[in-house]
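In what comes next, subunit A is part of two complexes: it sits with subunit B in the first one and with subunit C in the second one.
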Partner chain A sequence: MTATTANGLAADLAGPGLTLVTGPFRSRIRARLATVAAGLASLYPPDAFEPATGFADFHVALDRPVGARRWYRPQVRFRFDGREVFRPLPRPQAYPMLEWGLNWCVTTQINHYLLFHAAVLARAGRALILPGEPGVGKSTLCAALASRGWELLSDEIALVALDTGHLHGLGRPVSLKNAAIDVIRRFAPDAVIGATCHDTLKGTVAHLRAPRRGALQAADAACPTWLVFPRFIPGAPTRLQTETRERGFFRLVDNAFNFTTLGTLAFERTTDLVNRSTCLDLTYSDLEEAVGRLGSLRAVD
Partner chain B sequence: MIWKRRSGGSDRSELLIDCLARPARLGELAPEQWDRLIPQAREARLLATLEALLAEQGGQGRAPGAARDHLRGAGLAAQRRADALEWELSRLVTELPGGLAAPPLLLKGAAYLAAGLPHARTRHCADIDLLVARTDLERVERMLFWAGWQPAGLDAYDERYYREWMHQLPPLQHRRRGSTLDLHHNILPATARRPPDPRLLLDRAVATPGLPGLTVPAPAHLAIHCAVHLLADTEWDKAVRDFHDLDRILRHYGAHEGDAFWQELVGEAVRLRCERPVDHAVRHVQARFGTPVPPAVAAALARRRPAAPVAGLMVRAVDGASRPCAGGEQPRRTRAWRALLFVRAHWLRMPPLLLLRHVIHKARVARAEGP
Partner chain C sequence: MAVPQRWIVDPRVVWCRVGGSVLAYHGGSGDTHLLTASAGELLARIDADADRFAPVVDAASAAEAAAMTETLDALAEAELVHRVVPS
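On to the complex of A and B.
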């Protein structure tokens, strides 16, 4: 059994490493940085941590660079399979770098799922898919829905199983940026939000711990039911309109990670997903109203 | 640090090479071994190859599900890439001019696929390599330009580097399809110590039934180019894949064409003045992959081998550099060997003064771009 206090995690991370189990993936993490241990302890449930044994999908390490930047304006580097895959970042951004790095692992190394840039939530085994580029208010909406009874599957990456077409949970925290951090604090006062990190490439970021169990077990998956394209427009009235399947298809493909890599198979899976879903377009500015409208969606079979 | 003796197959770095040499092992690996094997295969771009080998062994049921998922994903991507490459070649046939001195010759991955080598469909191949006669070069480049193949934005120095000193033009990219094509006029740089005569390859090229107007190298030339490219190259993280190619080529033609193939391999290596790289590479696959090479062939190739200390160092360097960094035992040592071979490759590629100039230029560029 692996210790799950920040101190216990720090010892494991600095020593043999530990395995973070999120959704279907096991990530082997090593890091000698207290902020990383603290971040993990505050944002994941205790049973997400396992000892560093057996097979892991990804091997990542966060460490101090060699040379002057170890001490002078200290930096942190992220390594995947021993290879540095990003430019180093300022040391205080170590934890967000781990979360971004783990997303990078999934989106660049995984081809046994069809992957979309989308938030995914579920209710009674039915999935709500919210595709969108950064900045459309997808994470904020996702965090808000997750704190009002929807099960959080994923904030950034939709995992579509190639054989069943079902959506699988990624079991990771929601990444909140800038104003969204306070919006969610007000919207859900009980929400557990980790340390705030300023001046990153994406501005100020903080992560919201998945409410409840969050990570659906790999075995449970949700059936694609609603495909909603959200857009936050300041001052706009809440509007939830039907989107055609054709446009829905193309808008979804615009947000795919490995559509071309998987070719025909991806085309068939995407068509199937769109055909099984009600396609909608959502513009909103009032979070409460948007959450209410999505909450009243009914599945049409 | 104490110099540890190599302990044969039990060394962690050897896992990938061992599994390629003896695919039956794939059915017997523990989860901890898969945990090292997947990163090693990922680094060498051999995940899809492992999937095919595992399937041939009927060992899918004995590998952990998560490891199999990675192989499956890579296999799906490889299948799609092979289809795309075949389609790309079918387009290329229509885009090349007729009436050339010699039909353009496919090299490396595209050639393996067009030649029908069994391992080609799962092999990772990023671009198409095409060799044309020097006299045809300008015409082919112009025709391809009008068909949409354009240089992928280089500065004046890189342009000159390719055009004057190298054996290929700056990489071309198709305007709409996004695919990349390297147009070669030789298999080694014009500035290399011992450049081979590319006409020898074009003269013995073999027609490809499905692709009129394109040819593939004769079997011996496929093997020789694989070896030459491997040792002149600087991408040692993919060396295991290239050695695996050589192993597959030698096994395939050794089994199908027997002595005729082996004799031609020795004869052509001499004619192309490539005995040394061929000797290094063949010796390596024989030792590491267990490739069956007739003793007489190995002895004939060894004739131009350098003096024992140099030859020994080369064996150690090739062995060290082709070990994986990911999931390997001593990534630092591997990197050091890779650096040594990188220097060697450049040394053989250009005369000293030109090399000095090249190094200074690259250092200034790196500094200007800065981290």
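On to the complex of A and C.
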């Protein structure tokens, strides 16, 4: 590896590639795009990068398509194991495409963890799991909690170990969309937010660098303790109410990526997770209040 | 004299108490079923005593026998348990 500056990363990405270590996964990345190097340099800690040697879970590349789209309305394409798995996107979206692509790698290739569409944070080794489909406000809430002392494990994909049932960290930036970008800028003025990218399929997006502590400890695991289903509703008062475990189970399974693939093992691990957690339903519009309510949660042993 | 019906839990079924209910997962179909606690108790009794369990005989009253039969029919409908046909 040359260095972990944007220029150094750009040289490695354009040459032999580099290994991005995020939680338990190693991604081998190649790209001849300066915006990708700049994004990686600004959003990951230096110790997330390793030379392009040894085993990697995922081999990905971002490059320019051949033909007219190399120059006219230039595009970028994402390749996994040499295969183009998405349609090309406008080239300014190269960095978000890398993050989305890495999410795709985890959710489609990994079955040695039980995976849920959920943000996960932790406090003193106890995990707060926030499942939800896109748009419910979980990434915003996740970013806000991470800026107020919670350790960020993941904003998008919960990794549940099949043997222990513990939550493992993914060590990736938080994906912020549209109004949430300025909301977090106001809520956490010291937060490091990468370049803003407009007109994507998800609207305007930007990524929040994981606080250093979370990124460093991403390999640690946390015990499932709170299972909270958040929903942002404009103007709604903050309400944190008990959810039944039965409903909690089905709501969680609705957000599973590989429940069917893992079958009985997934059922046993999910029921165990639900039984070990306090299940709650959160509706909010005031981020400060929501963070305060979640901050006052206590573990029931 | 009617032969008492006997039952066996589908070996692909696992179940677990969650909250005040029982969730049963069928490893063949991949379906998860939400059951009452009493249905879960029946599954456990059948599984623990598959050779002897015969609800009509075991029930303390006719009303209890009817309730158990109704629950067993529902479990059978969900393919969680199967009737054992007397040989």
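We take it that the second predicted complex is superposed on the first by the 295 of 301 C-alpha atoms of A that agree within 3 Å, B and C clash if a C-alpha of one lies under 4 Å from a C-alpha of the other, contacts with A are read in each partner's own complex, and residues count from 1 in each chain.
Keep this in mind: a contact is a pair of C-beta atoms (placed from the backbone, for glycine too) under 8 Å apart; a residue touches a chain by one contact, two chains touch by 3 or more.
Bear in mind that the values here come from a model prediction, so they are computed numbers and not experimental data.
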* To do: Report for A:246: first if it touches subunit B alone, second if subunit C alone, otherwise both or neither.
  => second
* Which of the two partners, first being subunit B and second being subunit C, lies in contact with A:109: first, second, both, or neither? -> first
* To do: Considering only touches as defined above, state whether A:53 meets subunit B (first), subunit C (second), both or neither.
  => first
* To do: Answer with first, second, both or neither: which of subunit B and subunit C does A:263 touch in the superposed model?
  => both
* Contacts of A:83 with subunit B and subunit C, given as first, second, both or neither -> first
* **Of subunit C and subunit B, partner touching more subunit A residues** => B
* Interface residues of subunit A shared between complexes with subunit B and subunit C -> 263-264
* To do: State the interface residues of subunit B toward subunit A in the complex, per the touch definition above.
  => 31-32, 34-35, 38-39, 42-43, 64, 66-67, 69-70, 72-74, 76-77, 80, 83-84, 325-327, 331, 371
* Structure fact -> Listed in rising order, the residues of subunit A that touch subunit B in the complex are 24, 26, 28, 53-57, 59, 81-83, 87-88, 109-113, 162, 258, 261-265
* Asked: So in the complex, which bits of subunit C are touching subunit A?
  -> 12, 14, 16-21, 23, 25, 27, 30, 32, 34
* **subunit C contact footprint on subunit A (complex, rising order)** => 244-246, 248-250, 253, 260, 263-264, 267-268, 271-272, 274-275
